[in-house]
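Each structure below is given as structure tokens.
There are two complexes below, and they share chain A, which is joined by chain B in the first and by chain C in the second.
Coming up: the complex of A and B.
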């Protein structure tokens, strides 16, 4: 490196000059605020740990045991899976009100295809997954191509899908015992493995395949959002679709892919729903849309799009789970759970606004 | 084939004969939803009876449970259509009262099905299940099945919702009364002080809620051995939670409803006993009452000692106990709905 080719050295020399810069007071609070801004999942993580410690102190070993803590994971698995789908959509500054309806309809399709028409179970499950993807794609097409607002689109498809669910199923339940005997694959996500259980298989940490699936899903999506071009495009589209378009991002394609993937994840949630409740029931899971939005908001994901992380949504779901079970163990009226979840939502949004005041 | 045709023709003639007697009589059936098997069965019962008596029946339903607006519209349509009577399973029992009064003022007979109005005398009559009795039966059965062990039972109460609608309260308090537990205020769930009650939780009346509520209460006390459930889907969910911890064999689950999947669960030993109600009967009796009213203005009378007409409730179990009348799951299947 010598002679006329010494470009690098020139550049380095130039950089030594002092340039104009902002001199902000780096107080502790400012640093904290900045840390929160760069790592949006930090707030829900702190709240989650604090609430586990709080209930652990108040209740003691009955709460702070491997059995109880893994029970919370089991109780939030459906909300956690659906919240992952919801996060993707909200990341694009959209919202998906139809997630719960897609989940239920897909579980009904898987069950009824296997039992009503005698289709082999793996194919019935594939039909359910395909339907979920198709319904998600429909949402995405209406949003991206027809340029309809996501809230309105999914408000419509939510009702359409839920009504189809009741019309198709005639509100008939397929019982757990029949599924176990004839189509155990439908209950795949109910399989468990235990760590530290006693000789009767009681106590200890219990993980269902549904819980494992939820965690794997979050890990894979977190990787995809951070490390792949597609993931960066999702953030870009959510932050500013016009700028994204001008930078060469296929906005339409990205939006449709997000809604389609959301539908597919909901279909998996439908499969997990069968594992969770044992039976195929058209009346279950209808509230998943509100529950998933709650988890996403408490998880610190901005409803204005472009900011937040999928891990935050999982923490959000877990916080709700910890409060629900913790308050029950304290013997509080079930009404208090809803009360505190409401408080958490407001606090989460207030914190989000405060963090936004930091320059990026 | 010919005899069959002749037979049908004969049946048609007799039917049209009945129709002449009731010429022009029309009735309306308004249910909560068209999706719940309970109301589907109710509609079937009304349609069959109306066809038999030659009454023109129009059916209406809310879009979802709790859809009050659609029911008000349905009542207005019925009044305008000149029907003789309305059978209604109200979604909002207090708010519907004004519309019901308007129908009665217009000379229609209004009968509340399944759900009493608030106040109950806002309707001309109420044909319903005695939900307190339904709870009482399963409470008595559970206590008798446990025998001496009932004195130190550990009971989980899986209720419907935080709003404590009347059906929720009646079944819950009926069960406790039947089991021999002091209910405190019989109009309120959860004010009992008996240490045998581990806790109350809500299920929304479905499998998912049933499972979650059972898990929550098992976390409070893992030794629960009696589970009361508001209905059979909640019971099925509770069973899944018990199965997950390997306790399904040593817990008694009792429930209310009598839907076909629930009765099958009694046969399979998932549910120990359930109280069966009869939506088809409610609707059929309702149509008969309207026919009677249209013919000579007779108003239906409530069951003696009650402020409504009791359409009956039967305990279904395959492990009958002395002192509590019951039928087997096999007999129950012939009567089930959904």
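Coming up: the complex of A and C.
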């Protein structure tokens, strides 16, 4: 062979210094950055604890009681459930603007099927859940098979579903008393159990079934995302769909399953919505899509996909809950809540960008 | 020669509209060899490789693996048949761990109910296997198998990608420009890795523009020109300038084939 290719032999002799060594940076900030990189839910957890401590110090026992803290849980249950659905979609580098609309339409379907057509309540509820799944699957099909951008798809289905909701329900509200009398199962998620209440049932920690459902849902999804192949595929598809495809992941199937599951979770949220407000109202839940995206972003889930954890979204929802109740107890103008949430969103995204630098 | 090619292509044709990317191209890979595929840009070498790895379905022609005719319509089918491709982009998910990436698309599940009903992954077994495979290929400068791939250097990523390709009982490994994005030291490491893999008896198809690298590791060089195999040369009998002259059409080779 010609002598020209000997130039690399020099390098070969010095192999002992290990070519591909991983240098651990030891400064405190770098370590912190690395810890955040491996555990993305750490930031929202710290913010959550800090905000609870802050409001606890400012407000005192009135805030630090079991009753108030569980009240926050009740107030965020819907956002928490919908944020779990939103997390799945955002994890695949998508976005689901139709979550609120699906939630409302499903609650209306459950109510109207039971009251307008006299269908047995459990079957009406199943119809609502099936419809949510079907609408989610439609979103997924448009995104995965038709290759349309998720933002556009769900912007479209959001309008379509919301309009269908008003057309079908004819703006009719089913009143709480009627539901309570004829179809209490629709208000299932409003059932409560209390811990540490006095004889009159006052005070203590109050958990609605909706809150329990939200926590169980987060636990189940966290398990699925971390411990199953499907979960790994969701991350891989969000990270780099082409790479995932070449590694043998069924990208199309994974995407459709994510949107379908998101639809199903929203349908459950629709059921929980009836429990929360008591009635079936086609005008309720309109802000859920923006609120869920807010919770997801504050929860440290990257809008670029592939990063974050479902627990982070729950923390994100709780942070919003703590701020809104805390500021209200302080007697501040409600606008301050939005003000601080806006700040938190921008900080959260800035932190996400900073964490990503660990890769460089 | 009595040795049958392990992977054989005959009369492969692929047209993209009016462009003929493959023009009745033949292709042979013998057991245990490193076959380099070189060719000018647009010569159709990537189409040839895609046809063999299932990413492209040829319009005409036949592909034989171990003497049996195969027909791939998807990369996953070629992979199931034992043809592993390491793409230039490496096809890895940066945010996931080394172990997760190695098993992407063929995860192991826990035995019993945890695996069959709850679909739980067998993390310890996957991690042990990944560690073994990396050690075998001398890549254990990587300390933590749960490290995210994005925290690895370019050479390490290439190493993990090659280890993944070599890990699953594959019959053929296709490497697309494995040293293109790497520095001098890391290229060296990857070339050693390629020789390591060959010493395990797995034949390799190496696509590269880097003549020194090609001449150093390849047993035979497939020169691709104008959509077909121009000649197959042995690096011992030719200089790099010869090879470049053949592939650019500056000179016509005297011998057309030099088999294994």
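Following the convention adopted for this analysis, the second predicted complex is superposed on the first by the 335 of 360 C-alpha atoms of A that agree within 3 Å, B and C clash if a C-alpha of one lies under 4 Å from a C-alpha of the other, contacts with A are read in each partner's own complex, and residues count from 1 in each chain.
The working rule: a residue touches a chain if its C-beta (ideal position, glycine included) is under 8 Å from a C-beta of that chain, and two chains touch if they have at least 3 such contacts.
Just so you know, these numbers come straight off a predicted model, no measurement behind them.
By the touch criterion defined above, A:335 lies against chain B but remains apart from chain C after alignment on the C-alpha atoms of chain A. Of the two partner chains placed by superposition, A:207 touches none, neither chain B nor chain C. Look at A:64: by the touch rule set out above, it reaches neither chain B nor chain C. By the touch criterion stated above, A:170 is placed in contact with chain B alone, chain C being left untouched. Using the contact criterion defined above for the overlaid structures, shared-chain residue A:247 touches chain C, although it does not reach chain B.
Residue contacts after overlaying the shared chain place A:273 against chain B, while chain C stays out of touching range.
Once the two complexes are laid over each other on the shared chain, residue contacts for A:307 go to chain C alone; chain B is not touched. Taken together, the chain A residues at the contact with chain C in this complex read 1-2, 4-5, 8, 11-12, 18-22, 37-38, 223-224, 227-230, 232-233, 235-236, 239-240, 242-244, 246-249, 306-307, 358-359. Interface residues of chain A, counted against chain B in their complex, comprise 62-63, 68, 71, 74-75, 78, 166-167, 170-173, 175-177, 192, 200-202, 206, 273, 276-279, 281-285, 324-325, 328-329, 331, 333-335, 338. Residues 75-76, 79, 85, 87, 89-96, 100-101, 104-107, 109, 118-121, 123, 139, 141-144, 147-148, 150-153, 155-156, 159, 184-189, 212, 215-216, 235-236, 239-240 of chain C are the ones that touch chain A when the two sit in their complex.
Interface of chain B with chain A (complex): residues 33-37, 40, 162, 190, 199, 201-202, 205-208, 211-212, 215-217, 219-220, 233, 236-237, 239-240, 243-246, 261, 264-265, 268, 270, 338.
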